[in-house]
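Report on the following structure.
Lettered A, B and C in written order, each chain numbered from 1.
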């Protein structure tokens, strides 16, 4: 324990006397500093200056004395894709933060209006590319409501099985990425071993490795295959050890806990107001889980509890994921035990034309939270309007709320604990 | 370089070493039987000044430290060989394909076997730009800027159908229909996304390309105009 | 693991959706809503897990405040907010989906917005998280949310002058033929020519045009045009 001498005080450049600064500026041959706050626009971060469009933008990009803008992204290794953050800092302390999105906006909602209902299930695949099965689950639920058809029980069990498998590897990758953003390279290697095994497992049932395209309106594409069963039992026999090993490397690590505990704290009320869902919300103590709150598929037949954490910081969000991995493995056991026989696909025509004017809302619990779909039919073969609510898009709004007061280097830890996927954020 | 007094030059052709007895003793180093014929390095006499600091004077055979005795090739070939076996990619992922690119780099499909592991975070240190994922019009500017920041020689790999042609988002209002509209592409890897094996195959094709095209920068300058048309293309 | 085996389809298990996956009784919810918001809401539809209401767009703040703060309703979570375009001759619509612990159903609230002047009150005062929803609706549909402090484009670049998810924005096979006079000019400084967008035949409203005149007047007219 080192003792800090209270008399020694490192002078902060922000607190320099204005007269002293003027003297220094004059000595250096610089212009005198502007008297008041100055709107810097985007000039500082590499984009042409333009007048502010909104009140909030003026507030964000107006710099007071001693403040500066720092741009992160859109190409930055730690922003999980093509997210761009503009941080307003005083020294190393973040004052405000702005998110610039849209670098991966592919127009999936618009393209879906030009595709048949079955083809829409392929368009949503690359959206949240770490939870592809969940991306297909919500539209499948919504289209089944729209067309007034029900998937057979075995199909519902297979759906639940694959989405829980998907949740395992998605959360597992989050553990690795979070450690990677703090400089630990090893956990991501273990995470990818685990991820590759699950992805190969799911490709044995769906035929495609990453964007599975497994769900159909009224069922699933294939019944489980022998290769899938053998791989599943092999995977199940060793998954606990793999997860434990990864957790053992990360959870008690002193650097890791020092950079996550107490950082990025969100209270329950604030998290609800911000629209956070999923593990991020449950880490703040709100027991909202769509699987329990509004059971879909077969989740009302399974036994599980909603796990919550109380701290609401980055470490709680991490521990929430670890607990949910184990919960998902527990659910997989139950699903496999209870799986009935029967068909996997209801009889639906090749081109589905629901009745005009029908609306349907399908929501699932994706690894990042409430993922929902709102579909509207006009009687044609294509949805008239297809709307997706992606959880990571909404949960990114917590960044400007959590970051003020933290150091610039904490940005990585906090954003990684929210676990956004930019494919889903930008649609 | 040595600045001190010039060392006495050792004659390499005058006296041949004694015939090998085949018996190694502690005070006499073992000399291979083939070394009875003295090996003459052609450039040694001409570039004596440069090579002198590396001379192995106490070696019975002479020669220089760290040099092959015979170099029957051109410098371009050696350079291409070196480049091909240490291609460092830029750590830049756009969307879904980036996850498969990371999977290619990690333990299960070890891209390090081909000298490709250190994903560089800075474009100044990278040789290969693997465009992994859909390129949108908003991202095209920053990506071109990254490409222009990479030093020559450099190569570009278009990974996935989105980067080769726009793929499933070809009709979209915000997607660039193929990354070759904004920058030259050397290898196209199809697939949505390609399996890691596919990317490794594409990388081995890139190795062949690097070895075949000696003096890559000259080739690059030749096809320069191709890449400055990007603005009109996308608009 | 023994139960996971290939099995043949059994025709008797196929059929229409007969049992509700979430059996609910929407009656109490509909009754308590019409009690509290008698004139404001109009019950449209009760699905197996959704209750749908239509409200007057001018009353959106009042209705949402009651829905959120009334202890018997307690719709604490804004699950979704989406914009819908019903075509060039029709209206726009904002659709909210809410969730409450007390009622096992999604509540869908629809509010019509006039297409000629697409204004509706922002709910960011009730839910901070509505910010990105509303920015997205503004970007994609051109709906203006009064009271939103940060209503700027979120996906497309700031100089984009069209609303891609409106029905009169056609999806061309080549983006160069787009009615928005092309797509984002790649965020390059030299292409930031706002005059290029002035005559773009995109979707414009009088209110937006007035705003554009106010913001771009200095650059277009004073810039030597």
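Just so it is clear, a residue touches a chain if its C-beta (ideal position, glycine included) is under 8 Å from a C-beta of that chain, and two chains touch if they have at least 3 such contacts.
Just so you know, these numbers come straight off a predicted model, no measurement behind them.
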Chain whose mean Cα position lies farthest from chain C: B
Two chains joined by the most C-beta pairs in contact, as defined above: A-C
Central subunit by CA centre of mass proxy: A
Between chain C and chain A, distance of the C-alpha-averaged centres to the nearest whole Å: 21
Whole-Å gap separating chain B and chain C, where each centre is the average of the chain's CA atoms: 51
Between chain B and chain A, distance of the C-alpha-averaged centres to the nearest whole Å: 37
Touching two or more other chains - residues of chain C: 155-157, 164, 169, 171, 187
Chain B residues counted as touching two or more neighbouring chains: 138, 142, 171-175
Numbers and ranges of chain A residues touching at least 2 other chains: 102, 105, 107, 110-111, 114, 426
Partner chain B, residues of chain A touching it in the complex: 74-75, 77, 81-82, 102-108, 110-111, 114, 122-123, 126, 129-130, 188-189, 192-193, 195-196, 199, 209-211, 422-423, 426
Residues of chain A defined as touching chain C within the complex: 47-48, 50-51, 53-57, 101-102, 105, 107, 109-111, 113-114, 144-145, 148-150, 152-154, 223-226, 229, 232-233, 270, 272-277, 288, 293-297, 300, 336-347, 359-361, 363, 370, 372, 374, 376, 385, 387, 389, 393-394, 396-397, 401, 426-427
Chain B residues within the chain A interface of the complex: 91-96, 98-100, 102-103, 106-109, 121, 133-134, 136, 138-139, 142-143, 146, 168-169, 171-175, 192-193, 195
Partner chain A, residues of chain C touching it in the complex: 1, 3-10, 13-18, 21-22, 45, 47-50, 52, 76-80, 82, 84-85, 95, 97, 99, 101, 104, 106, 108, 127-133, 140, 149-158, 164-165, 169, 171, 187, 189, 192, 215, 218
Of chain C, residues touching chain B in the complex: 155-157, 164, 169, 171-176, 178, 180, 182-188, 191
